[in-house]
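What follows is a set of structures to go through.
In the two assemblies presented below, subunit A is common to both, partnered first by subunit B and then by subunit C.
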Partner chain A sequence: MNHSKIAAACLMGLFALAGQALAAEYTVGQKSKAFTVKKLSVKVGDSVKFINEDPFTHNVFSLSDAKSFDLGSTGQGGFKNIVFDKPGTIEVECAVHPEMKMVVEVTK
Partner chain B sequence: MFAAATDGFVTDDALTVTPSAQTSPKKRGGASPWKRQVTVFAVFMMLMVVGIAAGCGAIMWHMLKEVETSLQESNARVQASAGTRQTLLEVDRLLMQAIALTDPEQVRAAAVESIAAASRLEDAVASLRQTLPDDKDVSEMEKLVETVKPQRMKVVVAARKHDNAAALERLAGISTPLKRIDELSSAIQKSQADRQLASTGERQEGFRKVMQILGAVSVGGVLISLLFYWRLMKRLSRTDEVEHLLVEVHESAERLDADGQQLTQINADMREANAQLAAMIGRFRSSFGAMDDESRNALVALESLTQACQNSMETSQKQSKDAGVVSEQIRTTVAHMRGLQQNTQALSNSRSQITSFTQAIEQISATTRLLSMNAAVEAARAGDAGRGFNVVAQSIRKLSEETQSAAVQIRRASDDITQQLAATQKSVVLTRDVMDDCAQRISALEQSAGYNRQLIEAMSAKVLGFQSAFERQTGRVRDMDGDIGALDGKIQAEYANAELLDGTAVALTETSSRMLRRVASVMQ
Partner chain C sequence: MRTFRRTGSGLRGWVLSALVLACAAGHAADKAADKPADKGATVLPRESTEAAIFRGGLVYANYCVTCHGFNADGNGRAARLYNPRPANLRMSDKNDAYIGLIIRKGGEALGRSQFMPIWGDELTDEQIKDVVTYVRSINVRPKD
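This part shows the complex of A and B:
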């Protein structure tokens, strides 16, 4: 019984590692008080890298039901990563500049 | 007086002006060292004042700069700490507002505002990190901010779901770290205030030390000034002597001016004389050059004349020798002619004997003829008996006739011989006379050639003597040319010296004029 659980856990871990190995990373810039990509479609498990290309600070957060997060403040040249692990539509914003918005469509 | 007036301005060797000597304080009176001391003191004081001012300015600038930098850093830390505390309160307030509100839009707006405030909180902590890079409190604050972030978002999510109980529970869960962040910020603010107070005390101490240094330097400068003032007063007590000295200097400057003008005039005259002398030397050198050329030509002619004399002497010697030979030959010829004359005379004597023989032969022939005729007569008388005798008589008569004819021929030949002998004797006499004359002329010619040879030898000796004298004369001309060249060099040097002297005179005049003006300005 215990051996079967251990084997199942190992199998799941292998699947997770395989999923991470197959996950893609996307890059979205924050430039001139706007996201460089207005809409981005990703798969579950993919990550998005937000890079601040402005000479002032930006913020990246989302209050969407699919995924709520706050990556915090990012200075010039700084970046933050986030992995989208659930499917859905996620509206990404900047708390410092409310006009900055984009949509990430996460599919299976 | 002139030498005394120019002493110190003109060197002995090159008559060059030495400007340094004009301003050399060692060759002036005692005023220049004092003036130099005053100048040095003034410069020293100015440098000291400028140095002290610059040093104090630099120190003050450095201290002010440090104060400004310290204030800026402290203000930045204080502002960052205050911003941290303020944003912390805003985050807490906005989260509470999001929980309290019921309108979803208002809740969302409050949530977004709380996120923005949390972002500013991060920025404030980051500012603290920049101003305090190694501070442990700031590190702890950073960790707390990152720790609070997920819990804060859970509060927001719960508030949006209007699950106020859960939201309050989450909010209570992060209140402790938020309070800790506030305490750390407050501690940083307090420490910065203490540090500002301490640095203010240090700066006040530094300013007090700078003021003490300035006071000490000022006291030192005042003491040095008083000391110099004392020396100056002591020095100015000799003003009368200085005024007398100035009067003497004024008179000396006037004499110096007059001497300078006189020197200028003398130098101008000397330059003019040098120019004339140079022109004369130029002409002399030209003449000496022509003389040298002529002397060379004359020497060549003399050498040719000497060679001609030598050739003529040799020719005369040869002619004298030939004349001696010819004279000897003429004397031999005369001796031969005398022998010939004697022989002719002997031949004439023989011819006289022949004439006598011819007369005898003719007499014998006549006698024979007479005898033959007598025999023929007698033979005729003898008839036939005498016929044979007649034949003999006839033969004798024929012989007599032939003898007579031979005698005639002999006489004729004798006469011819006599005539030829006479002509020969005459020719011999004439030839002897001519030979004697020739011998005399040759002898005279020999004597004349000898005399000529002696004359040519004497002339050759004189020509050689003249040549050697002329060569010596040419050497003297060359020596004179060299002396003239040296004299020309001396004159050129005199030109340079005159120019230097002229410059010296001008400098002397200018110096005296300046001295007069300065003395006049000082004496006013």
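This part shows the complex of A and C:
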């Protein structure tokens, strides 16, 4: 491998590291059968940590076109992380408590 | 009779709306005829299977329909997230005790899908029993 290819690879690695360093982590609680944040705006690459602050089971899932997922269930104090890797509007729900909803707006 | 904890959208909203409309229509008709509202009304005995099926259907519409679907065939709006897909309850070969247990303890405890939540924290014993009765009532699996 010549020097220019090595330099390019190093540069790409640095960009990747910088991207990770710049990505933010947000925290959303699930408390009293509600998400503690109703609407959250994040950038592509940011992550959200959902923490169960109730003494009973919660779940986190979404059926939105921009991102569909089910993070599964968590007991008291448990948490799940998810990275939002595409822009869009994502409605997040709890399968155990159908009235629990919030929106994550992901922008570039 | 127990009152359910909440109202909402979708089937449960429709069911409740229909009940409200039916009550309102009945009330108006009774007023017009100047008769007491409860004359001639049929009330299901609380302990009857029919009452349990009715209550269980409401619980199902509120909590289970997202994955198992309106027809209980495993084709709820969230079903596409899962592999294996949610159980087709109409064709279930499980007995009442098993169905009650998987509702109460969740899928993972019984070696099934981790995505079937633990409902024991959320539903009362009566609600779980009612859902089991409802699921049994819609089962169409041919008997062996």
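Here is the rule we use: the second predicted complex is superposed on the first by the 94 of 108 C-alpha atoms of A that agree within 3 Å, B and C clash if a C-alpha of one lies under 4 Å from a C-alpha of the other, contacts with A are read in each partner's own complex, and residues count from 1 in each chain.
Note that in this section a residue touches a chain if its C-beta (ideal position, glycine included) is under 8 Å from a C-beta of that chain, and two chains touch if they have at least 3 such contacts.
All values derive from a computational prediction rather than experimental measurement.
Asks: First (subunit B), second (subunit C), both or neither: which does A:56 touch?
Replies: Once the two structures are laid over each other on A, A:56 reaches subunit C alone.
Asks: May I ask you to decide whether A:98 touches subunit B, subunit C, both, or neither, giving the answer as first, second, both or neither?
Replies: Touch partners of A:98: subunit B and subunit C.
Asks: Find the residues of subunit A that appear in the contact set with subunit B and again in the contact set with subunit C.
Replies: In the superposed arrangement, which is not itself an observed complex, subunit A uses residues 57, 59, 61, 63, 68-70, 72-73, 95-96, 98 for both subunit B and subunit C.
Asks: Going by the contact rule set out above, which residues of subunit B touch subunit A in the complex?
Replies: The touching residues are 108, 111-113, 115-116, 118-120, 122-123, 126, 146, 149, 152-153, 156-157, 160.
Asks: Going by the contact rule at the top, pick out the subunit A residues touching subunit B in the complex.
Replies: Listed in rising order, the residues of subunit A that touch subunit B are 57, 59, 61, 63, 68-70, 72-73, 75, 93, 95-96, 98.
Asks: Which of the residues in subunit A come into contact with subunit C in the complex?
Replies: 56-57, 59, 61, 63, 68-70, 72-73, 95-99
Asks: Which residues of subunit C touch subunit A in the complex?
Replies: 6, 8, 62-63, 66-67, 77-78, 80-82, 106, 114-115, 117-119, 121-122
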